[in-house]
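Before anything else, here is the set of structures, which you'll find just below.
Two complexes follow with chain A in common, the first pairing it with chain B and the second with chain C.
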Partner chain A sequence: MRNGKALGAVLLVALVAIVVTGAAGARTTDHRGGTLKLLAKAAGGTLDPQINYTLEYWQLYQASYDGLLAFTKAGGNAAFTTVPDLASGYTIRNGGKQWVFTLRKGIKFSNGQPLTVKDVVASFQRIFKVKSPTSGSFYSGIVGASKCLKTPATCTLAGGVIGNAKKNTVTINLTAPDPEFKYKLAVPHASIVPASSPPTDAGTKPLPTTGPYYYASYDPNKQLVMKRNPYFHEWSHAAQPAGYPDEITQSYGLTVESQITAIENGQADWTLEAPPADRLNELGTKYAPQTHVETLTAFWYAPMNVNIPPFSNLKARQAVNYAIDRNALVKIFGGPKLAVPSCQVLPPGFPGNKPYCPYTKNPGTHWSAPDVAKAKKLVAESGQKGAKVVVISPDDEVQKAVGVYLASVLNEIGFKAKSKTISGNIAFTYAQNTKNKVQINVQQWYQDYPAASDFLNVLFGCDSFHPGSDSSINMAGFCNKPIDRQMHQALKLEETSFPKANALWAKIDHEVTDQAPMATLFTPRHIDFVSKRVGNFVFSKQFYWLVDQSWVQ
Partner chain B sequence: MSGAIVGEVPAQTGGGPAAVAIGPWRLAARRLARNRVALAMALLLLLIVVACLCAPLYAHHVAHTDPFQSNLDGTTIVNGKSVPVMVQSTQGLGLGVTPIGPTWDLHHYFLGADEQGRDVAARLLYGGRNSLLIGTSAALITSALALLVGLVAGFFGGIVDGVLSRLLDVVWAFPVYLLAISLSTVLIARGISWGPFHLTSGSLLLPIAIIGLVYIPYVARPIRGEVLSLRRREFVEAAIGLGASNWRLIWSDVLPNVLTTVIVFFPLMLAIDMLTEAALSFLSIGVQPPQASWGTIILDGQDVLYTRPAVALAPGIAIALTVLALNVLGDGVRDALDPRAKLRRRD
Partner chain C sequence: MARFLARRFVSMLFVLFSISVLSFLIFFATPGVDPAARIAGKNADQATLQAVRHDFGLDRPLPVRYGLMMKKLFISRDLTSYVNRGAKVIPQVTQAAPVTLSLVFGAAVIWVLASIAMGMLAGVFRGRPIDTLVMIVGLVGISMPVFWLGEVVNLITQSRLHGSVFSWVPPLGYIPFSRSPFGWFKSLILPWLTLSILYIGIYARVLRSAIVEAQEEDYVRTARAKGLTERRVLFRHALRTSLIGFVSLFGLDFGALVGGGALLTEVVFGLHGVGKLTYDSLQNLDLPVILATVIYAAFFVVVANAVVDLIYAWLDPRVRRV
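Entry: the complex of A and B
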């Protein structure tokens, strides 16, 4: 009898489980279909995943292109971990210098062509052939990369990336161990595209994809259309889950105001642009359930050129840091719910972050108030009082307002400053080129991957400073040899112990802050405003809203 | 033969003595004085100019504010209570910061604050100074150069006229706004350096020069036409017969007759120049921050149009009123200076 009861209980549980999972399955399947309508003010340039370096398309690439590895497609911090994607697994050998990947079988590109090791090898060569913006930074550690960087057209990466068709493996050899290499393999520049892809920028001609969607058409003046990849099957839910909408479109040309109104009216589902400041209150009250505010690992800062007056003087740079009222800037950005004052490089909660703020009344761990008196004193001591300064900012609403504010602060403490806005299309490269003699400008940096080096080494390392080049991300031109040595030590330390490396990165962060090659302004938060019909909003800290994981029906 | 404008002789009444002929300028002034609408507009214009000239007085002694300094963390007094200039939303998700709206208190943010927490009323007055300065200076440049070109081309004719007229045609061929925008885009970014002549990128002289130059053909061509016509008039031919030199002919016979055309054009050009300045500044290629003009204030107001429309509306209304006043005044001046106006009206 007891056995009979137990059997009954087991059957009941099994029945319930079948009903529940069946219902859940049916529920998610029910949501498949429809068209997700995205909006953006303008197109993001080339659609080539190995060249494009904009959040606009990196967000879409998550649902279309794959690399050997991928950041987990999940909400929150889980998105910072990498998982095998086109590779079924990998091993690291030779003290971290050799990475061997086994390719998954049965994966096809959206044109029906099967994925092979030949495509993987060709894709890595292509990173250099098309002069990917990160070819010299992320992938320069691959054996043969230095030759490829010199003569991209004939790049073979001989000895660097080796395919074995029989074993279905790809071996990548590095010149030195790189603990961050797994992250670099998971960003879109390491996407795998067919070996037959042109060795030049594909521009508006979409390359075949491996993910759940392919690009059906792209007109940068009008619209980008993504449709379901008929050859896609879900091989790893963590790496590349199937999407819900049948079609995803991104239309261009509307002003931000019009985009917000269109979403409110249900004519579109999402906008890439940050909502205008004067619509925030409306969104936060009338449309609160459709407004998603998320914390970012990013910072807004004002790089100061340490190689030309007046900011070649340390006291002048520190004076700017003391004078800036971060609360005022937070207000420009939309208030304390959308930004947090900051003084240092590494954002809160980021590896290596140890709260530090010397540039405030009552210096300590957090910013409290500006110290204008001290700033004025430092300007007088620097001998730069009355120096002419031009604050460069991109022409969008918020950055322009930050530029105007900074000019106002500089005038208050004794400089003769004015703000100048330039088109957002060129502002980023303009500020990088030393020929333009930019003294101070408004910038933001959003992490490429979750490592302190992506902020400190990339933005303030000597290797990132290339005078006369449009690709000199170290805009301050800051090259402090002792600090740079410590950065290399920290990178080396990552090979053995991330906690120890992060402790060193924290020290470097504080030292860079003390040297003030920039004025850190605040840590931003991100707003996504979606239409009423958008469900299952998932925000990945790595690549933001997972577009295809939301449903519209 | 000076003062070639023929004065209007009042009709004789009864058998009394003949009335003394009135000079043309006085006659024009009398006509203008009879035009009440034009006078009202002149008064309005005067008020605007005086108010703008008093901008520092208002900012420092009435509103106690620096209109060029951001005041995002500041406070002001409304109904006796201290309130923040930038108001943080406390409802719903608590998103957004809105500048304070008009308080209608001359001492405290009369027209509210802009997105930097600055006093809109004070900026409006300072902006008006720049707008009026640029408009007036540009109109002067246009009038002076157009007069010179028109006189020389029309008087000397031949190859001189051919060259100058073709030059004017080249400038005329470009849509005026397109030309002004192109010049501003190039020059505002870099400034101008021609030998000892140097203008920095933020200088007010740049928009003045650009606007002043692009409108020259619009005034020079009618002047040239009028000079061509005057050149064949009997009084000029008589002066030539008497052996008058070219210089004397231009100075004494032609110039006084075309001067009225320039005077009629001036207020109209001033209005057009102010509109052009506003357009260029709205596009960020006119007056550069931290300086203000009505165009830049409209641009600032665009960012808060949804919540604080007064920021953009106030300079918009100021431009509309000024341009209206100038146009009506210009019409009044034309009617006053045109000796045939009365006859036309009788027709």
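Entry: the complex of A and C
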């Protein structure tokens, strides 16, 4: 009897399980369809995946373009690992200098054309032909790249990228081993497009895609329309999963306020923009289930020009770091839920991050409170008391407020400071050019890929400083030979061991922080506000919300 | 007449040329504005930066750059944006124009009718409470900035009362007349009212004082002496001459609005018109679009001026004889 009862129970559980899984399966396919309506204030420029360098479109490229490798399409830190995408696999030979990829078979572009080895080779040449922003940085290590950078029009990458149609392989030869190359192959600039693509910026004419969606139309003043790619089949769920909505649109032109209202009304599903501070309370209370807050691997900082007074003096720079009340800045940004105070370059949770904060009362691992007395003392010692300082900031509400705050801090510790705001569209290039003699300004840096070098080497390496150029990302003009040598060592060390390299990066991070070519302000968090009908919100730390993995019905 | 038109045409060309040169020079005199680095992208290599600068002709002398840009704008007509690379400028303007025209025409009809009614009412009942009331209402209209009023209208119709009284209001944006005439009307009625409120106030005041003045004039007294009815005196004589100032003002305002002056209304209501295009291009420092919209706007202002001169002649016989 007892046995009989147990058997019955087992049968019942099994039956329930079958019904539930069946229903779940049915439910997942039920969610397919509908139109996901995204909003943005303005378009993100050219739609060419090998040129566009905005998060706005990199986020959408996740569901449309593919490279040989891809960042895993998954939530959280899983997105930091790469997986073979258009390649079924790859081997690294010749001490890290040769990468051999085997292409998957049966993949077609959204125009019906099959993907071949020829397309891959042409796409790598195209990076140089269209003068991709990263052609000189990410891909300069490919054999033949230096020639391509000089004369892009005739770029062949001979000996650098070799296709073998018979074996269906592509071999990439590098001039030196590059352990970060796998990341560089997974960013959109290394997307594979048809060999017949124009050797110039495709601009507003969408190029055929390989992913689950293609771009049906693009008008930068109105709308971008993505539709299901009829030739897509899921070849790897981790690299490129099929999406739920039948169509994804991104409309441009509404003010942020109107966008939030439209989402509340269910007229749209998501906005690219950060909600304005006066709407945060409403979102956090009335619309809490529709609001998603995620930590970012990014930092807000104020680079200080180490080549002109007063910040050519180390003590003056350190004084600024001691004096800044990071809590005040966090408040300006939207409160402790949206930002965390920080003193160092590498953000929390990022490879190479070891918590460190010398610029606080009770120095240690975390920032607690400003030390204004010490700051004043340092300014006096530096001999820069009374020096005139102009704080440059972009003209949007938050950055302007940060600039005004920094000027007030500088005045408090003995400088004669004022803040100056300039158009957000030119602030970034303006601050880079040494001709403009910018002393201190408000900036932020968001990772391209999860490697410490993407922060430290890019922002504070000697190679990133180009006096007199609008493209000189090392805005502090910081070039410390011993630190720079260590950076090159760390890059070399990555070839053999990432953990060892990251330990060295942690040391470099602390040394850069000690040298204070910048004042780190805080680590920002990211808010996504979606409409009521959006389900299955998945946030990839790499390129943010996976739009096509959410459903609208 | 031919001479008048020819003179107008030459002066228009001169104005357009001067404005385009001025905008061009101001753009390149702005520090940090060089589009090459913005086009080349974040952290671009120096070689890439040079190549982009060369591609866009930004390494050529200023006069050559200006000439090239004008050639692309008027002759080959393939000038493209600096920001949204590949987006041709001329189609952007021609696509935006119907939106602005719909907005401005509708608003103009409302403001002309309403301001004539209010102005006449106040003028005829001068000094009475109704005069004071109409003028106060007008003043309130003038005092409300259009961007503020637009946001308040949006707050009420899109947010606070969207679930009840204003559920008929479509999402912000433009619905083309060809797609749905009723949708077009619904999407524009609130922008029309918002834009016209300021002008109703101004025009009603202008008309009132003109009518008050006209009623003291000899020709009105003569008309009365001839035994004409008060209504005929008002409409045929007083109102007609009072409209002269009204019309010249209208011509200028209308020209400026069609040329993109309705910028704030378009931005607040998400209408992709010429004003919005100008606003976006200024925000992005997108010189090709700035030049195209500025020249377009100047064209309409100049044309509107010429039309006003013609209407003058029709309204005021004294002008014709000169």
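Assume the second predicted complex is superposed on the first by the 531 of 553 C-alpha atoms of A that agree within 3 Å, B and C clash if a C-alpha of one lies under 4 Å from a C-alpha of the other, contacts with A are read in each partner's own complex, and residues count from 1 in each chain.
Methods note: a contact is a pair of C-beta atoms (placed from the backbone, for glycine too) under 8 Å apart; a residue touches a chain by one contact, two chains touch by 3 or more.
All values reported here derive from a predicted model rather than from experimental measurement.
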item: Between chain B and chain C, more extensive residue contact with chain A; value: C
item: Partner chain(s) touched by A:Tyr405 [first = chain B, second = chain C, both, neither]; value: first
item: Partner chain(s) touched by A:Leu280 [first = chain B, second = chain C, both, neither]; value: first
item: First (chain B), second (chain C), both or neither touched by A:Gly75; value: neither
item: Partner chain(s) touched by A:Ile473 [first = chain B, second = chain C, both, neither]; value: second
item: First, second, both or neither for A:Tyr430, with chain B first and chain C second; value: second
item: Which superposed partner A:Pro358 touches (first chain B, second chain C, both, neither); value: neither
item: Which of chain B and chain C A:Val293 touches, first, second, both or neither; value: first
item: Which of chain B and chain C A:Glu257 touches, first, second, both or neither; value: both
item: Common ground on chain A, meaning residues reached by chain C in one complex and by chain B in the other; value: 257, 422
item: Interfacial residue positions of chain A with respect to chain B in the complex; value: 257, 276-286, 288, 291, 293, 325, 327-329, 331-332, 334-338, 395, 397, 401, 404-405, 407-409, 411-412, 418-422, 527
item: Interface residues, chain A side, partner chain C - complex; value: 42-43, 45-48, 51, 53, 131-137, 140, 149-150, 152, 201-205, 219-222, 251, 253-255, 257-258, 261-262, 264-265, 267-268, 422-423, 425-430, 432-433, 436, 458, 464, 466, 469-471, 473
item: Residue numbers on chain C that touch chain A, as the complex places them; value: 30-34, 36-38, 40-49, 51-52, 55, 80-81, 83-87, 92, 95-96, 151, 154-155, 158-159, 162, 171-173, 267-268, 270, 272, 276-277, 280, 283-285
item: Parts of chain B lying in touch with chain A, wherever the complex brings them together; value: 68-70, 72-73, 86, 88-89, 91-98, 115-117, 189, 201-202, 284, 288-290, 303-308
